[in-house]
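Before I ask anything, here is the structure I am working with.
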Amino acid sequence: MASSEQSQPQLPTSAIQNRSTEKSSEVWFEYVVRVHPHHTDYAGIVWHGTYISWMEEARIESLRSIGIEFADLVNIGCDLPVVEISVRYHKAVKLGMVVVVKTRMANTEGVRLDWDYKIQSLDGQELYVSARITLVTIDREKGKIMRRLPPVMEEALTKLSI
Amino acid sequence: MASSEQSQPQLPTSAIQNRSTEKSSEVWFEYVVRVHPHHTDYAGIVWHGTYISWMEEARIESLRSIGIEFADLVNIGCDLPVVEISVRYHKAVKLGMVVVVKTRMANTEGVRLDWDYKIQSLDGQELYVSARITLVTIDREKGKIMRRLPPVMEEALTKLSI
Amino acid sequence: MASSEQSQPQLPTSAIQNRSTEKSSEVWFEYVVRVHPHHTDYAGIVWHGTYISWMEEARIESLRSIGIEFADLVNIGCDLPVVEISVRYHKAVKLGMVVVVKTRMANTEGVRLDWDYKIQSLDGQELYVSARITLVTIDREKGKIMRRLPPVMEEALTKLSI
Amino acid sequence: MASSEQSQPQLPTSAIQNRSTEKSSEVWFEYVVRVHPHHTDYAGIVWHGTYISWMEEARIESLRSIGIEFADLVNIGCDLPVVEISVRYHKAVKLGMVVVVKTRMANTEGVRLDWDYKIQSLDGQELYVSARITLVTIDREKGKIMRRLPPVMEEALTKLSI
């Protein structure tokens, strides 16, 4: 899913800006994944694109943990396309291993929602992947970035950033 | 595939540095893709992770176009894990559309091989995705970054950067 | 994509039955694929689910070859969900190999469209996978199997089965 | 993963045949999955190939539940390629839904391990997918079907079929 619009500088984004905070949440949401064969490639390790799926799952589960059902957002016509990803691969993850995908909302600026990620061993001693993924909220019917977040989301995110 | 080692500052990288040039190749390798159902998500557009597969295919085909068979590299014990990706999604690509994935080696610094990407409409008028993907060459047996590229690759890349 | 309805025995399927023939097309549509890293798993061979993607691509390209654009079908509200697949894996396909996915419409009975597949080496000497995949045409708005195929499809398929 | 050998009629398969039983296990192993965006296609429902991944995960987790670590099997040189799949899609599964993948070993005949599947709603009232997937145990070094299962597996499976 990708944005059909990504730069609209003059948007009245007051609602969204109010939500912005100086510091990101201190708490990381944790999503545990085990490496199955379909996650791997010929090298016996996780294929680099597979992590994108895991980070999507972690993001959606973290939204659920604060009361936002992603499918409900979609049903009310709000979409959350990814507009930017940046991933660093530090160490390979192998078949059968269990890792934890940690994610949290970073500082939000304007209409962009930044999510930070680190994928680690369960004991936190190994860092396999670090990433930032940026989404925007889109009004699907209009195909435009939303001026205000849907109330359910605004409310939940306010809670999150306290 | 991800690196099991990614920072080895003191490597004797003369062979690789010799290959480095001040400017990247002016020529983009072009790889045409049509959007099939399995590339899309619920929004009727290409899922953001799918582009990672397309860029991998374009990269491998561009290597083939200069005489490097990726599977041969793997067979001689050289691997090319991705250590970093950075992708910007500008505009959605829909089911049934045909796009061209353009790629070229950018400036190479030390042991890192940077590939630039733009995914465009066939007429070049629309830019859907832009990206940079960085790989390193790994000696699979030792699990370490290679001090010298395999001769077949060094030779081909020298040709590429002229 | 899966059917939301799959057994409606009393449908007036005259249009579809007329199209049925005693023997399937003798001509196989051929779709060439090269094995890239994201197709493989830890064993260095193509992951068994990957073939499903390849067969989907071959099916859609074979429809295009007789003048049917899959995306156009979807846009007019007709969908072609898979209702049944049956795959036999005879021999592994490895990273870097090139294979040809051959497909053709088999006998069609009632509202079911059967596609036969064989995935072979380019010289036809090796058989890697054989399969049958069955689809039905669905009216997406009603969520029901279509009583008549869309004219564009009926016409093209009649041509195919002569 | 696919077999590089699949018919060796004269194998001494006593160990495997002893394990065979007249009736399959009555107990289904249950593996719960939530539908995320990367599982879906343009139609807003789970893409038909996605279920293959889910069934692989359920199979591996069911082996774990009886003490067999799939990655360990691979490490000792035993592989379990899929040689046949047969899937019927009864009803679509949509974005955000939660389903349960149920699996159990069916009667085993000779060297083939058959797994039955049904994918259902959590309350068991809806049946979305039913399937049978057949695997064989391969000695990876020899590239041949194993005459005897690895002891760890034989023991665990004997327990399962009582």
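The letters A, B, C and D name the chains in turn, as written, and every chain counts its residues from 1.
Criterion: contacts are C-beta pairs under 8 Å (C-beta built on N, C-alpha and C of every residue); 3 or more make two chains touch, one makes a residue touch a chain.
Everything quoted here is computed from the prediction, not taken from an experiment.
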Two candidates, C-D and A-D; the one with more touching C-beta pairs is C-D
Looking at where subunit B touches subunit D, is over half of the residue numbers used by both copies, so same, or under half, so different?
same
Where subunit C and subunit D are represented by their mean Cα positions, the distance between them in whole Å:
25
What's the distance between the Cα centroids of subunit B and subunit D, rounded to whole Å?
35
Chain centre separation (subunit A, subunit D; CA means) in Å
32
Multi-chain touching residues of subunit C, meaning two or more other chains, are 1, 37-38, 41-43, 45, 47, 49, 52-53, 56, 74, 95
Considering only the defined contacts, which subunit C positions touch subunit A in the complex?
37-38, 40-45, 47, 49, 95
Which residues, counting only subunit B, touch subunit A once they are in their complex?
1-4, 6, 41-43, 45-49, 52-53, 56, 74, 79, 81-93, 128-129, 140
Residue numbers on subunit B that touch subunit C, as the complex places them
1, 36-38, 52-53, 56-57, 60, 69-72, 74, 94-97
